[in-house]
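The structure follows.
Going by the order they are written in, the chains are A, B, C and D; count residues from 1 in each one.
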Amino acid sequence: MKKFINDPQAFVPEMLQGLALANPDTLTYVPEYNLILRADAPNQDRVSIIQGSGSGHEPAHVMLVGEGMLDGACPGDVFAAPPTEYVLEAARRLASDKGVLLLVNNYTGDKMAFEMAEELADAEGIKVRTLFINDDVAVEDSLYTIGRRGVAGNFFVIKAVGAAAAGGADLDEIVRIGEKVNAATRTMGVALTACTPPAKGTPLFDIGDDEMEVGVGIHGEPGRRRTKMTSANEIVDELLEAIVPDLPFSSGDDVALMVNGLGGTPISELYLLYGIAHARLAEKGISIGRNYVGSYCTALDMVGTSLTLVKLDDEIRSLLEAPAHIPVRIF
Amino acid sequence: MKKFINDPQAFVPEMLQGLALANPDTLTYVPEYNLILRADAPNQDRVSIIQGSGSGHEPAHVMLVGEGMLDGACPGDVFAAPPTEYVLEAARRLASDKGVLLLVNNYTGDKMAFEMAEELADAEGIKVRTLFINDDVAVEDSLYTIGRRGVAGNFFVIKAVGAAAAGGADLDEIVRIGEKVNAATRTMGVALTACTPPAKGTPLFDIGDDEMEVGVGIHGEPGRRRTKMTSANEIVDELLEAIVPDLPFSSGDDVALMVNGLGGTPISELYLLYGIAHARLAEKGISIGRNYVGSYCTALDMVGTSLTLVKLDDEIRSLLEAPAHIPVRIF
Amino acid sequence: MNYSASATGTTRLENTVKTIATTCVANEQYFCDLDSVFGDGDFGYSLARGFEKVLEDWESYDRSDLSTFLQGVAMTMSSRIGGTSGPIWGTAFLRAATAIKSKQSLEGADVVAMLDGAIAGIKKRGGAEVGDKTLLDALVPLNDEIREGVAENAEPRAIAERAAKVARESAEATSTLTARRGRASYTGDRSIGSPDPGAIAMAVLAEHIVDSWA
Amino acid sequence: MNYSASATGTTRLENTVKTIATTCVANEQYFCDLDSVFGDGDFGYSLARGFEKVLEDWESYDRSDLSTFLQGVAMTMSSRIGGTSGPIWGTAFLRAATAIKSKQSLEGADVVAMLDGAIAGIKKRGGAEVGDKTLLDALVPLNDEIREGVAENAEPRAIAERAAKVARESAEATSTLTARRGRASYTGDRSIGSPDPGAIAMAVLAEHIVDSWA
């Protein structure tokens, strides 16, 4: 395992500690419950937004805490939903008169922890709602499974509800916006390598030197199919062929396009992919109103990418354009 | 080779094409000469800042073109200085009455290409100066070698001269600032894996599963020593022990600290390293006035990191704080 | 069967919980490996971290009655374990505790009641049924076997042995199923051919409980 | 030696340049591999891209005289090749062109003059001397051997063979040197044990020029 770590079990707390030290004025770190909170939250005139999920997806979500985005993040261990008690504690600390919104990616563990936490918070008199994000088209809908996963598209839901909360919207309105953005968002990913969780120490799955996993999840869950490596052009085509008809996105649509790196992919390759996707969508009559190229939601050190499309309207666009101040920055 | 590419030889132009498509309002791409220019440059009332170097270091430098930083970037092929003619063409297109500053990392190929280009530009009546960046403490000074390499610390020189140029400073003043920041900046890196140049298709060097290369350059050049992998704590200690006494940085100093990823390292590990470095510097009485955690100057897909320290004074601090608008962004 | 809370300070119930805890800690790597075939590789890690804390807190649990003791264990688990396993195992221990409210000693029927409660809780929490390729596919047949043994008035140790055997067979048989719950469900038919980690864990725990039988 | 610009439309000089170009294109991978031992692995790539363009532009070069032809090649190279090799090889070709300004045919002494010019240009451009572990460590002895051969009035083909042999020996001998210029210099003593890619390229080129001798 080739990582910059000390004790694998201390990976998450040491990372959070570093994040807090780097942002002393804006963030509070609560080590007992793995929480990263805005130092100035809660604000009783704003709905508080909390996102929880396993760790290993950084910058999602702990590095998205700040003005205009999250009030708090409640990460679990690597790829493990946080314990219920941690979520409850986050809701307690960020309880506001206007309410609390819990954002959750749709996975079994997260869903259970957040549903239990919501019940408990509600019982304590905290005004709280939960919203599940499920943008991954790789998962075929089914009667049995929990349904589609939440992946990199969660960025857009967070950004939109964060902007709405900053603007003073009430909880119902924020839930409406979050559901609307989630419904307008579609993602699919592909992995060229497996990721290595620190505690496991070896790659999560075996993949041949000439293979890729199409439809991979952000925890290294297998996707739709294992296939031979192809060119960047073919990869973009395959991803768009899954994503575009799903909503569907059609000629005349204006979209936000995210080319997300899964942790081990350099930004040069992401821009190369962006160029291809941009051209393909233009051929389909779809214009790109906003673009996002970088590593937003990762699977540790996995070499891979995901494409996300969001259908824009005036409301969503202005929420995405609104300013925000979070730790991930260049200056 | 596990990369998102089409033809390896088209890697750089396809990446630049994507970058230009993603920033249609602010950037101009000149494919014949591999140039990325600010769409609104040159401005005759500002000195134009140009950085050239091999490609493969993205976001450096093509993604740093924009208001408050670079007016143009002039990349060569992967890890190869641009041809002289490309640099000359960049200087021609960005020639301003106030002058042109060529920023160059101190490598043999770059130095030769830029010196030749400067002579040629000068002969054409363009007011031009060249500034070499050499922040890498891994290279021991020597009578023979070209001297220290320019690595991730170039970010600070670019940011400072970009801010000064935006403020209308003249060429002499900008050269003074660039030299001052370069002189206050020290970097050292470590690699856990080798990078794979697209055209080569295989890793640049062999490194054992339990080995690391201390003092590595941003082209995978070997460093000071090959050694067994150690903990994040020990790695930070080794890097700081090389960096701190070199300037030297001393108790009472206020510094900017960059924890830079070399391309394949997730941001979670960079924050973990930041936390350690922050604590170590605090023990030495050195305070961190500004911090930068992310992948600023990479070596393709290399798993590795570098630490950069810049000694701050009021002038440098305010230049680093000045706003800038470049493609690398979150929103 | 009679498990007295007073007997020698530690009871059969306490021993069983301790065996569960030490077995999960000891099998961290194995359980992770099972979960990385078609899951995300953290099953062993999650359980180990939770049960490590249980062992750490061991002396401090309120032992007023057996139910309270189990409830304390459940609280440690649900505050410590994340992932799917936190809510699932926490709920299971909590429901088992509820099933023996204020009892000071346990009969065979109480064991069945505890497992009935745990199973109902797990089903409610995660929405899974037998056949969905989860730990229920070992736990439910295991409980049914105990129920039968108790009805037949068999020796506790013999019952435990039969139950462990059934758990092992059922766990191995999950290889033929398609995962429909949890992370493994994303793989669809590709999960066929490998057993469910949670079900195998049930078999391993049952076998260790038999081995540690004093 | 007499290389006439008129003879059959292509001259020995043109043939030599073509051999250099095709050899560099054919050895792209090999030269890259040499450069990745202690460099950055792009030496072959840089040369191949430059000489590919030379071959592409082949018919269009101005052939008014030999110097003009060489100058055209030099321009292609320095506009196409980046890295260290662009300025180094571009300068070398340019200085070689200058050494035979307005000549229509070449004697052995002109070959030596061309190489003298190239060597001086390379030294000026990159600041390297013999012994710094660069291509100069093969090119300088190669030139010295030609100079001697010309002084002895040896057969051109025999001179070329002797020069190639010396180039090969000198190139292999760079293994014992510590790199002091270019990227390889960062490795310090670790460069000992591997030859310099540029020097080996000189040997390979010299050998191919001999092989292609018509």
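FYI, a residue touches a chain if its C-beta (ideal position, glycine included) is under 8 Å from a C-beta of that chain, and two chains touch if they have at least 3 such contacts.
On a predicted model such as this, the values are computed, not experimentally measured, just so you know.
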- Task: Please work out the Cα centroid separation of chain A and chain B, and write it as a whole number of Å.
- Result: 29
- Between chain C and chain D, the Cα-mean centres are separated in Å by 75
- Gap in Å, rounded to a whole number, between the CA centres of chain D and chain B: 33
- Residue numbers in chain D touching two or more further chains are none
- Task: Sort the chain contact graph into one of these: line, ring, star, complete or other.
- Result: line
- Task: Mind listing each pair of touching chains for me?
- Result: A-B, A-C, B-D
- Query: Which residues of chain B touch chain D in the complex?
  - Reply: 9, 54, 76-86, 107-109, 112-113, 116, 138-140, 142, 144-146, 149, 197, 199-200, 204-205, 217, 219-223
- Message: Looking at the complex, which residues from chain D come into contact with chain B?
- Response: 32, 36-42, 45-46, 49, 78-88, 90, 125-127, 132, 180-183, 185-188, 190
- What residues on chain A touch chain B, complex-wise? 2-6, 11, 14-22, 55-56, 58-59, 63, 159, 192-193, 209, 212, 229, 231-233, 235, 263-276, 278-279, 291-296, 298, 300-301, 303, 305, 320-321, 323-324, 326-331
